[in-house]
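Supplied in structure tokens, the structure appears directly below.
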Amino acid sequence: MNKEVSPGFFGRLMTWGGLWRDIADKVSGADDLDNLNPDLPEDDARKIRAGMDDCLASRGGEVSARARAATLGRAYLSLNDQGRARFLEMLAREYATDHDRVRDTAAALMSVDSEDFTALQAAEGQMRDALVPPRLRLLKQFNALPRGIKFLVDMRAELKRLARENPALRGLERDMRDLLASWFDIGFLELQRITWNSPAAFLEKIITYEAVHEIRSWADLKDRLDHDRRLYAFVHPNMPEEPLIFVEVALVHGIAGNVHDLLDMSAPALDPEDADTAIFYSISNAQEGLAGISFGNFLIKQVVERLSHSFPKVTTFSTLSPIPGFRTWLDHRLAEGEPGLLLPAERKVLTQLSETGGDEGDSTGTPSGTKGQFKALIADPEWPNHEPVANALKTPLTRLCARYLVNERRPPRVEGRPATVLDPVAHFHLTNGARVERLNWLGNRSSKGLAQSAGLMVNYLYKLNEIEKNHEAYQGQGKVPTSTAIRSLART
Amino acid sequence: MNKEVSPGFFGRLMTWGGLWRDIADKVSGADDLDNLNPDLPEDDARKIRAGMDDCLASRGGEVSARARAATLGRAYLSLNDQGRARFLEMLAREYATDHDRVRDTAAALMSVDSEDFTALQAAEGQMRDALVPPRLRLLKQFNALPRGIKFLVDMRAELKRLARENPALRGLERDMRDLLASWFDIGFLELQRITWNSPAAFLEKIITYEAVHEIRSWADLKDRLDHDRRLYAFVHPNMPEEPLIFVEVALVHGIAGNVHDLLDMSAPALDPEDADTAIFYSISNAQEGLAGISFGNFLIKQVVERLSHSFPKVTTFSTLSPIPGFRTWLDHRLAEGEPGLLLPAERKVLTQLSETGGDEGDSTGTPSGTKGQFKALIADPEWPNHEPVANALKTPLTRLCARYLVNERRPPRVEGRPATVLDPVAHFHLTNGARVERLNWLGNRSSKGLAQSAGLMVNYLYKLNEIEKNHEAYQGQGKVPTSTAIRSLART
Amino acid sequence: MNKEVSPGFFGRLMTWGGLWRDIADKVSGADDLDNLNPDLPEDDARKIRAGMDDCLASRGGEVSARARAATLGRAYLSLNDQGRARFLEMLAREYATDHDRVRDTAAALMSVDSEDFTALQAAEGQMRDALVPPRLRLLKQFNALPRGIKFLVDMRAELKRLARENPALRGLERDMRDLLASWFDIGFLELQRITWNSPAAFLEKIITYEAVHEIRSWADLKDRLDHDRRLYAFVHPNMPEEPLIFVEVALVHGIAGNVHDLLDMSAPALDPEDADTAIFYSISNAQEGLAGISFGNFLIKQVVERLSHSFPKVTTFSTLSPIPGFRTWLDHRLAEGEPGLLLPAERKVLTQLSETGGDEGDSTGTPSGTKGQFKALIADPEWPNHEPVANALKTPLTRLCARYLVNERRPPRVEGRPATVLDPVAHFHLTNGARVERLNWLGNRSSKGLAQSAGLMVNYLYKLNEIEKNHEAYQGQGKVPTSTAIRSLART
Amino acid sequence: MNKEVSPGFFGRLMTWGGLWRDIADKVSGADDLDNLNPDLPEDDARKIRAGMDDCLASRGGEVSARARAATLGRAYLSLNDQGRARFLEMLAREYATDHDRVRDTAAALMSVDSEDFTALQAAEGQMRDALVPPRLRLLKQFNALPRGIKFLVDMRAELKRLARENPALRGLERDMRDLLASWFDIGFLELQRITWNSPAAFLEKIITYEAVHEIRSWADLKDRLDHDRRLYAFVHPNMPEEPLIFVEVALVHGIAGNVHDLLDMSAPALDPEDADTAIFYSISNAQEGLAGISFGNFLIKQVVERLSHSFPKVTTFSTLSPIPGFRTWLDHRLAEGEPGLLLPAERKVLTQLSETGGDEGDSTGTPSGTKGQFKALIADPEWPNHEPVANALKTPLTRLCARYLVNERRPPRVEGRPATVLDPVAHFHLTNGARVERLNWLGNRSSKGLAQSAGLMVNYLYKLNEIEKNHEAYQGQGKVPTSTAIRSLART
């Protein structure tokens, strides 16, 4: 049915109720917030401000304050984009830390005798209090809304979008991140196996949130939940109807190198009892509002542990991963005309190709000419279907990709740490303690796969007893653990 | 069976497992923590310290750090009282806030141009970071233990006990309180109705934690779960096997004034459909480790709301409460010999009593003599069984109790607020927005009831549409809302 | 994935296990049944027979017999159509009632003194035993299979299909029906509300089993589970993953007359709190193997009761039903040339229509000509789009449909009862105590709707306080309860 | 609280409701059944009869009939013992099989041509129908009551009690047994592990129903649910709040021979991971109304299978069982003065005992004198505490007990089968395929243990791969499988 309001909003209103409604009906000023102009013009903004002030003053007691916060939350949901931006800006600007109080407290702290620990602790306590912005208390009070924590997660998603343009919102955005990082502590999350017997509403979200290999239909999803597959998600007990992050796994023989085989709905299902390898072929974060709060490392390792117990014959745990930054990096190298980018033998093959091929105009054989030709070849999305072209490209692309994954770096994110690899997916798995295991030629021929990584895919291998060592090597010294084959490739 | 270790500990070890154990077996140094001397002598303390340092350095990655924290937690559980005290003191002293860094940051903050908000915010951010003690990160990592949050709650209970003697632990204790207050936010708690169909293990905890009217047997408990009774508890989704706080309610006709009738196992059960009143006759906090984090206000109001929906005929919501501080206060007044404590008419009755009674030596009729006599009478635990004595005491005791509840004050806990009432239970319900409704003569004849409040009990009435007003009157202006009858009594 | 075997079968093998497998591995002869030729040639049939004999002899004890029966069931599932037909025929022929024993027992019974009740009862007991065919014990033993009761339901579905051609199977089919009728007693069934949060595997079955208005997609299904809709199913606790029967309900204003409006996915959802009417617009039996065991009557009334409690404002309960036999009946009437089928006024309108319309060749105006024209008009599936034609047809079709529903009869199914109405859906609702309420012109313009009932739909109204009376009127005296409007229509 | 009605009844009334109540309020005659005299005098019996007749006529339709049956069931529950007896007798006498119809049908059957299978089948079908007593349909209709199946189980328990005195009720009792045997088919039952986390209401029933070793308190129960214990129950999905049968298991080292050690609440709990043996030390049937419907064999084997999977090191499965009939048998032998009952060596020891002991008057040394002495010794419940006496008794009692268990027989229950052993517990386990493994001297010193079996207990051993063979040996040829030791003992 044609919903005029988003289902999320409607759903929330439907379950809105119980105590908060009853009390909210009685808290003074609640009616004022019921029929706001969605743009939140100044008159209505004033009502919001009055409500926020009452919340902070706990007028009528703590229960009333929560009920009032719920009313404010409901009001927020009734606003449009502009109204919400105004609401958030008010929260950000008018309920921020009191800079003067912080300065005064700092001055007091400076004046304490540095040997008097009791006085120091007291002063530090006052500083801690002074640094808590009032808006943080308001945010916590929103937790009283039905599905309040999801409300906050969604509010942060909107805030992140708005904060890109509006620096005034960034402090509020950071407050929310810190609050949510504490509330979504990994110790609270539950690892759930998702199956074809899971609620359809939950599975629908899996379809929506899948970010690596699009789920094309319910039949496709059912196939990914077949008995030789596993799908695991982290769920927070207070928002059980939402995945936070999920991973899709195939139980197979040997390390898989081709995503099309895995996603082929007409392929026969294997008996998982015979499998020796678990392939993690898709990991998706589901909540934009939890960006920057990392679950993937824990998810992978808990799933490895679960599978080890269920399938003792499965001893190899590997990903089949995209290489999202390879083509961008390569295109820059080609554009720059980096000398020696292609090896002489590679250039030779390309030259021969253009000589035998009839339609290549530029066949001067000069290095820059070869590069141009190389660039032109991979720009044509049909290249994998021309066997001679594909053959000519295989060696240089694979070699350059190994170099890209292993050797190309960006400055460290944390000062004092070694430089990290350029590719974000590689960085994620290396930080987790995996190693770069194998490159797979034409592992992903989809247009996305060709555009991102010239059709290449990579396996990251998780060996439980090397994870710590690998992590320390990468995180501590910037060394990228690899298989022997990858090491050779990257060296050339 | 004769358990050498407490069931809690054993149970934890039993479920200890899964990922953390597998990884913990692989993290370096884990074995070192396996067989510590329970006293934690310095040699072993060094191993603990090394583990803590590794946790904070996230050696081997974040998953390893959590696994190592779990190992530390397990080590903590294997210690005796002395060992635990040492463990906690190490955590408190060696992983506290770095005072020097705080001072340096304060100095930096002072030097920022007070108009440069961006710089101010950055400096404040640095101060916020500087103020976070490393031990706080360690505490969060303990959340990875199986039932980790219960581990932290119990650790705080031990810490509170130790901190009474050892001021060095107070900062750590405050850190834990703040962390738990955030994690036990009311928005996360679930209101559960507890019935005779609840797990026996849960009901066993209700028996243990009941703090107001002892549950004498499983039969007594079953009686309190009969169909004219309700028992509700708040539960946190990550420690579902533990009540946080619970309230016991009787569905009756008219406001109950006598707790013996309510607890009488031989009394017939009423049809709850006919009831017009809900009596909250017992509220107990179950977790010592959550002391100072308040749930009662929310619990009462959510239960009121639930009952209103289930039993539309129930329109009166009242407690039947103890008055824990009355006798102590009264005894002081009597000891001080406050003039005019007893009214002339009351003195007269007492005098007559001693004249007719043969065994009272002192019958001079002087005021102080009457007070002495008064004091002697209520000191005899058998007085309620002597009708003339009871009759003589009824008027003065009831009147003085009303005065005690309504007029006697202590200084405000928060500066700037009005003085609060002396009685802690009265303070709790008045803060919630209830009013003092009725005093019940001999409502509790148990030895505890006589010792605390000379057998008197009081009803606090919750009227939903007066709660905000009552709260503001008490919290804002220090006025105690009462029924007309109590007001008259307290005035005389 | 391309399953070579049906998912049902595969799923069963997957969960096949536990005790039965362990014991089955040990029961003698179990291996013999593992790799049968799917056609079940005589050699393999002999092994089946040996297994059945062992089951009936309880060789190795009752647990072994059940394990062996499970092995037989697994063997049955491995057969193809021909093999299954042979398996069932063996069961039907070789494990039937022993006719000679029955005759002997009858003779013995006849010889008992008719006043000797004890002897009579004993003889009757012997007769009861003699009449139990051995195959019935075997059928019950199959219940030990994992999901054994679903196995039996599916076996009966196959048996019903085969018994149409093969009379030798009918006795076995009746045994199964009686067994299943007892095991699926209405008292065991659970009424479940199905929502978008139900397991996808269950919802997939709803899509498959919907028999009235096809569910075209998962989006269509989600729409039918929106908050102004309800879908209820009966489920047996021992096959919880399967609906037995389900009904789809729309909460609306006033009695709905048009199924397209109800199924329109772009129509806005209503607030169910405002509805005054519940429309039952689809009822589907889901298990072919339970044919002849009636649940619909109970389902409708339990749903009425549930809705009455949840939505006190809903006071009208009505179906929107197809009229599957109307066109067939009408075509026969037209073919027979029943005199007076069309009223003079109706004929006149049709004649005028043919005169104004240019393309009608036959315009003689004779009665039989009008009928021919009438027939030709409704034979064209486009007629509802020609307004003059539709206008001309409305009166005669509606009137004849009322006559068809109310007056046309077939002989009673049970001797001594009055004749029943011709239309099967009408018979179902009238037996349930509903009345014929309203005919809806062009309520279903789909090709199925036009082919079955010339686009007409009917509402059957369930008034709780008239149900008994209506049932007795129809069942006892053959009277069809109707609204006044339908009564007038049917009379003309 | 002092309930005037039993909790079961009250509980049922509490949940009585939903559809049946609403419809029951509308079915004619329902009010008549609301306030019956509990004695059921004839006037009220007439109302019951009218209700039953309406049920059988399905007046108002099948749903009304069920609602009316529910009303009848409620009426039955409101009767006292005398009223219930009258109700059941009416059901037994007035709704029995119609003997005349049976005779007529038998006559018709006899007249059918014995080669005409179709006609034979039809005649047999008529006979089947004729043999179904109308009361059976009524019983099934009671299944519509809330918890209807428990209602029927309890009704059968009452019926069994009454039928002992009243033969007229036996036919009805058999009808109920057959119906319940079909509805409680083993394929429907669910094996549940019961733990300290199970509902207290369920555990309370375990305490009540335990029939072998009384559960003395909730603490005793908790001890039997400790982590080195298991308690499993069969539950029917339509009466999930009731165990049907349950077994208590201890995980230990070696076969346990002493029940006091198992039940000692102060004994330390073992680590179940180290156990090699599972001891089934108590099996109790919980529902008197299901007497004669056997679950124990299935329960034991399913539990064996579960434990095998959970604890691979556990390879021995044995009972520790009472020998309920030993003393009774022995006392008869002693009373009869069976020659050679005691062996010469045994007599000698007894004679020596009486010579050394001072207080034995009769010391003639004659055989009969020894027997008398023997009898006198074991009649004194203190004998196990007198070491010389106990030593003297050990050899003869153990030997005679082996003889009793292995050699003493009663006539077969089913004609054509071999004689069965005398002891009912032995018969149960031997039928299940266990063997007699070991006798345990003073395995049960309780007064019950001494009275039943002179303190002896026995182990029956379940070896999965011998079960079929053992069963066939016992059931087919009457051979009792034993250990070598028992065989030797029994032979002497």
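Going by the order they are written in, the chains are A, B, C and D; count residues from 1 in each one.
Assume a contact is a pair of C-beta atoms (placed from the backbone, for glycine too) under 8 Å apart; a residue touches a chain by one contact, two chains touch by 3 or more.
Here the structure is a predicted model, which is why all the values come from computation and not from measurement.
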Q) Taking a step as a move to a touching chain, how many steps at least join chain B to chain C? A) 2
Q: Using the touch definition from the top, list the chains contacting both chain A and chain C.
A: none
Q | Proportion of interface numbers common to chain B and chain D (over half same, under half different) | A | same
Q: Averaging each chain's C-alpha atoms to get its centre, pick out the one most distant from chain B.
A: C
(Q) Can you work out the whole-Å distance between the CA centroids of chain C and chain D? (A) 42
Q | Distance from chain D to chain B - Cα centre to Cα centre, in angstrom | A | 50
Q: Compute the distance, rounded to whole Å, between the mean C-alpha positions of chain A and chain D.
A: 61
Q: Provide the list of chain D residues touching at least two other chains, using ranges where the numbers run on.
A: none
Q) For this entry, which pairs of chains touch? A) A-B, A-C, B-D, C-D
Q) Hey, which residues of chain A end up touching chain B in the complex? A) 18-19, 22-23, 26-28, 59-64, 66, 97, 99-100, 102-103, 106-107, 109-110, 114, 117-118, 120-121, 124-125, 127-128, 131, 140, 143-145, 148-149, 171, 174, 182-183, 185-188, 237-238, 294, 297-298, 301-302, 305, 308, 431-433, 464-465, 467-468, 471-472, 475
Q) Which residues, counting only chain C, touch chain A once they are in their complex? A) 1-4, 14, 196-204, 218, 222-223, 226-227, 241, 264-269
